[in-house]
Structure formats: structure tokens, C-alpha cells
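Next come the structures, one after another.
Two complexes are shown next, each including chain A; its partner changes from chain B in the first to chain C in the second.
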Partner chain A sequence: MKLLNLLGASFSMSLRRSMAFRINLVFDVLLAFVGLGTAVAPVLIVFTQADTLAGWSKAETLVLIGTYQLITGLRGTFVDPNLSWFPDNGIRNGKLDSYLLQPAPSLFLASLSLSSPLTLIQLVPGLGVLGWGIAVADVRPGPAGVLGYLLLVAAALVVTWALSVLLACLAFWAPKLQLDVFYHSAWQLGRYPTDIFTRPLRVVLTYVFPMALIASVPSATLLRGAHWPVLLGAVLAATVLSALAATAWQAGLRRYTGATS
Partner chain B sequence: MRTFVLLGFRIRQEVLEWSGAWWFLATLVVQAVIGPLIGLFVWSAVYPDDPTIARYYVAIILVTLMTESFEQHTFSERIYDGTISHELLRPQPVVIGVLGANLAIRAWLTFLGAPVVLLTGLSLGTGFDWRSVLVSLPAVVLAAALVFLLTFLLSMTAFWTQRVHAVVGFGHSLIFLFGGTAAPVGFLPDLWRQVAELSPFYAMSGLPAELAAYGGSVWSALALQLFWLVVLLAAVGLLWRAGVRRYTAVGS
Partner chain C sequence: MTAIEVAGLSMSFRAPVRKPGLRAAFGSLVRREYREVQALDDISFAIAPGEVVGFIGPNGAGKTTTMKILSGILHPTGGDVRVLESVPWQRRAGFLKRIAFVRGSQPVGGSQELTVMDSLEYQRLLYDVPRADFGDTLKVLEELLRLTPLLERQLRALSLGERMRVGLALALIYRPEVLFLDEPTIGLDVTAAGQIREFAADYVSQTGATVLLTSHYMADVASLCPRLILIDRGRVEYDGPLAELSARLSPYKLVRITARGGPAPDVGEVVESSEGMWVLRVPRDEVAQTTARLLQSLEVVDLAVEEPPLEKVIDRAYREGLR
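Right, the complex of A and B next:
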């Protein structure tokens, strides 16, 4: 509860700070639509040439893109402002030191205390595309599909946070290793059904770097129905990854000796 | 002549500076190739038996690596932190520094990305007609110039706004959509295809890649590229003059 209050307070402060620069809001709105346009347009072009994309219908692919946009928007709002360029911002500039001195869990402060409320705008076109996909689907999602979808989106958010924390933790061992560009590039692989990729890459995207969990699995569940093994697997993956992130963070802190005097 | 000598020194300096950041450059290679690779996977899933798709996208990957531009980082950030003042005081055009950094980064990206291109080409059994590849080289050079000019042009909006990364991102989205990375331009619906084929974005990416992959009329390709080169050069000149007039700096 205390952490939720802290999250709410920091979001409120970030929102007030952001509203001081209103022209930036215009740019963020434009960029959100352009970003989604570059994701939707190729898919629409594909469906002028084919009826399905690796077994995915147009409606399913639109739902996938909308879901991807939702998760990406939430990541950009709550996780990226904290953990982007962590080796520079957190370790070398000594920001982590100030978190360690505050009376709250350092992992929470380092990974969730800042937010970028304007990025939430990305959710609007994302929801629009999600609704579009559902509207043009041959079959309406059932209650089990909707509940399964919500559970999987929650699991995807936990996985997203955990992956970002694990990436940041690398900075404790290799402070010069800057993988943000790589991570954000690899993230784009989640924008399309994992079925389009060759088998080895599909295995990596399902079990090693679980981008399939981000959008492909929730979207398939919404329109094709929920399957217990899939739901359990996603919850298990989220639990294991978040435990791994917390353990890596503690191990990293034991190595950390401070950047400032 | 003096300008070329200065540019040569600047490229050498930048190549040496960036040699210490090879790991970061490798992540930039990944960033550059991921879009074309996704396009390759998508269109290979749609047309699994068409070998020209792989050939086209291998060419697109190489063209992308050779034409990447990062002036929103190498130039705009210097406007934001005021260090562009140092360049303005030097007895040489500011663009030499920007161009030197651009060419050095491209050289590194091409060098580090070559194995990715080779591996992709070999794993997909892609074959090229080397005459077409040679003939496409002038178009690749002009494409590189066009991408630089567009990115530099958009980066100059840093004189007016703090959201230069969004502005440049918008420009690169247009290259992705209309340049032939999201889909080969021939697959676009008719009206969009006609618009794309006349746009500068196609001249920056898809056009040289198509020449390398399929061959075609070089002279009409070069004419289109030269037309957009003149337009962008004029736009860069105008915006530079307006931007420098607006720029103010404080401090010593």
C-alpha cells in the first residue's frame, strides 16, 4: 500500500512537471499516431496481398499490434524513465546513491519512482487499434478469452518490468555495457506474430527473451480462447522473472560501492 | 581542396574516436538491421517461394547500414548544450564536423554490419548479379547523401524545438514506410505506389536496393535522386541561415 501511495505521488508530480511543457504534448500526440501508423500500415499492405500472415488473420494481427502498443506505452510511461540508460544515469552519475539513502525499497525507487505521463497518450491509438481488431474479428471474444487476456497482459507487464531490471542489473558487473539500443531494437520483434519467424528465433522469442508473451500470446488468447497451460506458463514466467530480477538487484547492490563521495 | 583536406582529417579523427565504442556501434548495427530483417520475415511468410524477396531485403539491409544518419545526436545535442558555438567560431564550415561524424559512423556500421549481411545472404541462398550491384553504387552514394541531408535538415529544428528526436523520428518513419523497408514499393496499393516512387524516401532506400537486386534503368533513378538532392540542398541552406540567426548562446 505504501508503495502504491508512493507510485501515485510520483506520478502526480511527474504529471504536473510535464504539463508545464504543453507544446511537447502536441509532439507526443503526433508521435504516438505516427508510431502506430508505421506499425499498422505494413500489416494493412500485407493483407492487400494475402488473407493471412503465418496463420494470423487481419483481425488477430490488429489486436496484436494494439496490445503491443498498450504494453509499450505502459513501459514508456512507468519503466523507461527510470531504467533507460541505467549504466550512465544510475551508476556513473551516482543517482543510485540517493535512492539507497531513502526510506523505501531501492528496487522500487530505481525502477518505478519516475514516470512520463505524456507517454500514456500512446494508449489511446493502441486501444483504438485493439478495438478495430475486435470489431472486424469473425468471432467475438468470450468471457474466458477476455479474462485470460487481462491476466496475460498483467503477466506481460511484469515480464516487461523484470526484463528492464535485469538489463539494468548488468550495469553492476559491466558499467560500460550499454544495451538500451539493442533492447529497444529487439523489442520491435514483439510487434508481429512470432509465427512469422524461423523456428530457432521463435524458440528464443518464446523461452529466452519472451517477446511472445508481450503481444502474441495475449492476442491469440483473446480471439482464439484461453488455454490453462498457456495462462499458467505466463504466470510462472512472470513470477520467475520478477524473482530473478529482485535477486539480481540484491546481488548487484552487494557489488556496488558507490559513485559519489 | 582545403575543405576536402579538413573533411579527411575530421573523418580520421571521428573513426579513431568511435573505435573505442565498438560495442555501442554493434548495438547501432542491430538497430539498423532489425527493421529490414522484420520486413524480410514478414514478406517471406507471405511469399515463401519467392527468392527475390530475400535478395531485395539483403540489399535493403546493406543500403540501410551504408546510409544511416544520426545528426539528431551528433548535431542537435550540440545546439542544446551550446557546444555548437565552438564550431561556429572555427574558420571552417560547421557542416564539416557533422559530415565527418556521419561518414565515420557509417564506415563503422558498414564494417561491423557486413557479417550480418553476409550471414543473411548465405543462409537464404541469395545470389546477386554483380553487374547490377556495381551499377547501383552511384545510386547508393546519392541515397546516402539524401538521407544525410534529410536528417540534417530535420535536426536543425533543434534551433526552434526541444523535440528534435520526435521530428527526426517522424522523417525516418516516412523512409521506413515509403522507402521500401516496410514493404517493397511494388507491393503498395496503386496510388500509394505512385506517390512513393516519386518521393525522396524511395530514392533514399528502396531505389538503390532494387537496382542492386533486380537491375533496371539507372539513368531515371539517378535523375530522381539528383532532383531531390538539389531540393534538399536548397532547403538545408535556407534552414541553416534561419537557424543560425535564431541561435543565441551565453557563457565563455
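Right, the complex of A and C next:
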């Protein structure tokens, strides 16, 4: 309960803070539309020549792009302000020291206590494309598909958070290593159906660096129906990755020797 | 009952080292060498509730590292520590609500665009301070720290002195019982530093808080701390009353003498002189004898025996080593 209160309070504070940067709002909206445009345009071009792309229809691909945009927007709002470029932003400026002094779980404070509410604006075009995809689909999603979709989106968010935490934890072992560029590039792979990749890459994106869970799996579930093994697999992946993230965090803190003197 | 108990505390870490030059740099790719740095070496002390203790030592002595361990930020590599009967690095919420660590170099963390009042409200929520207590404490802090004009200002727009006042308010709004103050007056002008000292003294007398204070300004230590712990190279070199430190570190006293006419005094070592006034450095056990001789041989107008200034004694101890 306290964590929810804190989350609410910090979101409200971030909102107050972001009012100081109105110009950012304009750029965030602009960036969201440009980003989405570059994702949607090639897809539309491809579908003028073909009916399916690696087994994905136009409607399914649009749902996937919309879902990808939604999760990217939520990541940008709640996770990135805390964990991106963690060695510099989180450790060297002393933020971690102050989190460690506060009477709340340090992992929660370090990974979720800041947010960037204006980034939520990215959800609007994302929802638009998602709605567009659903509208042009041959069949309407059934209740099981919708419930399965929501569950998988929740699991995808947890996976996103856990992967970011694991990446941030590297800072405790290799403080100079900043893999954010690599992570953000790999993240881009999530906006395509996993089926278009060759088998080895598909295996990596499903089991090693599970970008498939971010958009491909939820989108397929929404329009093609829910399958128990898929839902269970996603929940399991989210649980295991979260546990791994929490363990890595605790192990990292034991090694931590301070950022400032 | 002790508020802080430290026994055999050690902290070491491995720091990579290599010789200068390109060859050594390439060599370190294959074989990396480390040196064990002993930041703290078997430190022990105990502090009773309500005690105000100065924690001094040269740069790199291990003061901040000790404070970080006592406040739970760092795990030590050895030894036993209890603060308010808790092991700090377990960081239990109940423990963290009873301590505060205020650093002069970073008095206020968090989002700089927020106002002071927003930040205080967040602290209230974070530390579960009941609203009534929050209001009462805020009233006291507003008065002691002259906070009222700052409440609606953004953190980023505060001056250094104001930031320190706000940093203290944020740390004290939940009424911690143990306060770690790390260089609270660093960078402040004489007036602002004086105000912080005055506040700390008032706060301690009103709340009975236990305080461990580090500072390079002896004025802070001399005005607030009846007891000093001096560490150097990770070891405790002195733990006792402030007055005795001076006697131990400096086997001399200063005799300040003003005399009418006559030759310069020929006893002790003259460390300062101006027309008709001399300051002599005299071994402690010869002070009485020297004073008698001076009174006999000169037409003395004024004579005073003084402890050497703490600042100078400490400076010499740091430069020449304590062992």
C-alpha cells in the first residue's frame, strides 16, 4: 500500500516538475508521431504487394506496432527515467546513496520512483494504431483474446522492467560498461513480428532476450485467441526475470563501494 | 545502553593498478593487477545516546566511509556495528526512520524542480510521519532554520547556504534519533556556517539526538563536540575530550606577554612578536617556571597562558602524522 502511495506521490511530483518543461511536451508528441510513422509506413508499403508478412496479416501487424508503441511509451514513462544510463544517472551523482537511506525497498526507489508523465502522450498514437488494426481485422477479438492480451501486456511490462534492472545491475560489476545503446537497438527488433527473423535469431528473441514477449506474443493472442501454454510461459518468464533482477540487485548492493567520497 | 557501537570495523576494496605507459596499458588487458586498499582498519568506539561527537581526520582518513557504513549505505568487509541496536546495512525500514545522514556536499537530493514544501511532503509520506507531528516539527524547524521564505521556492534556485538549511529540514522532519553530519558547513560563508552550528546546537539540546559530525573546520567541532574521535589511515588515533587532544598532540603552551621597555624575553621559542608583545612557545611542564622568570626579568603589563589554537595543532598533526 505504501509503495502505491509513494508511486502516486512521485508521479504527481513528476507531473508538477514536468510542467516546468512545456516545450518538451511538443517534442514528445512530435517524436511519438515520427517514430510511429516510420514504423507504420514500411508496413503499409509491404502490404500493397503482399497479403501476409511471414504469416502476419496487415491487421495483425498494425496491432503489433500499436502494442509495441504502448509498451515503449510505458517504459519511457516509468522505467527509463530511473534506469537508463544507470552508471551515470543512478550511481555517480549519488542518487543511489540517497535511495539506500530511505525506508522503502531500494530496488523500488531506484527503478520506479521517478517518472516522466509527458511521455504518456506516446500512448495516444499507439492506441490509435492498435484500434486501427482491430478495426481492419477480419474477426473481432473474443473475450479470451482480450483478457489474454491484457495479461500478456502486463507480463511484457514486468519483463521490460526486469531487463532494465538487470542491465542497470551490470554497473555494480563493470561500472564503465554502458550497454544502453545496444539495449535500445535490440529493443527496436520488438516492433517486427518475430516470425520474419531467421530461426536462430527467433530463438534468441524468444528465450534469451525475450523481445517476442513485448509485442509479437500479445498481438498474436489478441487476434488469434489465447493459448494456455503461451500465457503460462509469459507469466513464468516475468516471474523468473523479476526474481533474477531482485537477486542481482541485492548481490550488486553487497559489492557496492560508494559513488562519492 | 549505547546509540552507536562499533567493534573491529574494517573495510577494504580492490583497486586496479598498473604502471605508466602504453605497454603496461596493453599488459593490463591480459593480466590485471589489483591492490588491496584498506580504507578502515579495526576501528572501535561507542557513543552513548545524546552524545555529540566530532569525527575528524585528514582527507582520505576514512570518515565518510565510516559514516556510510553506520548509516547502512555500505557493507563493511569486517567487524561488528550496531546503531540503535540494529545492523545498519540490513537497512530495515524501522532503523532508517530513526537515523539521518546529511552531507554538506549534497545537502538535497531528489528532483531539483520541486519546491521545498513538495519535497517535505514527500518525506512525510516516505517516513510515515503522522500529519500532526509533521505540522509541529515543521513549525519548530521553520523557526530554527528560518525556513518560511524558502518553502515555496524550487530546490534548484536555492543558494548553497539555503540548500544546507533545507537539507537539514528534510532530514529532521521525521525527528531522527541519530544524526550523521558530514561536513555540514562546507563551502558556506562565515555567517551561514555560524547559523548551521547554532541550529545544530539548539536541535541537540531540544531533542537529545545523538550526533556524529565530521568537519574540516575546527570551529564546528570546537563549538559543538565535547568529545572527539580522530582517525587517520583508517585507524582511531584519539578518542576523548576535546581539551585533552590539544595537550596530547601539542606538548607546548603559548605564553602571550606584553612588557614595557626592556629586552626581548630569552626563554621559550618566540613564535610571534610585535612592538612590546611576544608569543612564546613553552613546554607544558615548564610553564610555571617560565612565567615566574618572565615576571622577574621584565616589567610585565599583561601575561596570558593559552592552549595553542586547535586548528594549528590539528594541521600539524595531519602533516607530520599522528603516530
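Here is the rule we go by: the second predicted complex is superposed on the first by the 261 of 261 C-alpha atoms of A that agree within 3 Å, B and C clash if a C-alpha of one lies under 4 Å from a C-alpha of the other, contacts with A are read in each partner's own complex, and residues count from 1 in each chain.
Here is the rule we use: contacts are C-beta pairs under 8 Å (C-beta built on N, C-alpha and C of every residue); 3 or more make two chains touch, one makes a residue touch a chain.
Just so we're clear, the structure is a prediction, and the values are computed from it rather than from any experiment.
Asks: Counting only touches as set out at the top, which of chain B and chain C does A:254 meet: first, second, both, neither?
Replies: second
Asks: When the two structures are overlaid on chain A, which partner does A:2 contact: first (chain B), second (chain C), both, or neither?
Replies: It touches chain C, and chain B stays clear.
Asks: Tell me the contact category for A:98 with respect to chain B and chain C: first, second, both or neither.
Replies: So A:98 only meets chain C here.
Asks: In this superposition, which partner touches a larger number of chain A residues, chain B or chain C?
Replies: With both complexes superposed on chain A, more residues of chain A are touched by B.
Asks: Touching A:114 in the superposition: chain B (first), chain C (second), both, neither?
Replies: A:114: touches chain C, not chain B.
Asks: So, does A:16 touch the first partner chain B, the second partner chain C, both, or neither?
Replies: Touch status of A:16: second partner only.
Asks: Which of the residues in chain A come into contact with chain B in the complex?
Replies: Going by the criterion above, the answer is residues 21, 23-24, 27-28, 30-31, 34-35, 37-38, 41-42, 45-46, 48-50, 53-54, 176-182, 184-186, 188-189, 191-192, 195-198.
Asks: Which residues of chain C touch chain A once you look at their complex with the stated criterion?
Replies: 13, 60, 64-65, 68, 71-75, 91, 93-94, 96-97, 99-101, 105-106, 109-111, 113-114, 118, 121-122, 125-128, 154
Asks: What does chain A use to touch chain C in their complex?
Replies: Per the touch definition, chain A meets chain C at residues 2, 5-6, 9-10, 13-14, 16-17, 20, 94-95, 97-98, 100-104, 106, 114, 253-254, 256-258, 260-261.
Asks: Would you mind writing out the residues of chain B in touch with chain A in their complex?
Replies: 23-24, 27-28, 30-31, 34-35, 38-39, 41-47, 161-163, 166-167, 169-170, 173, 176-177, 182-183, 187-189
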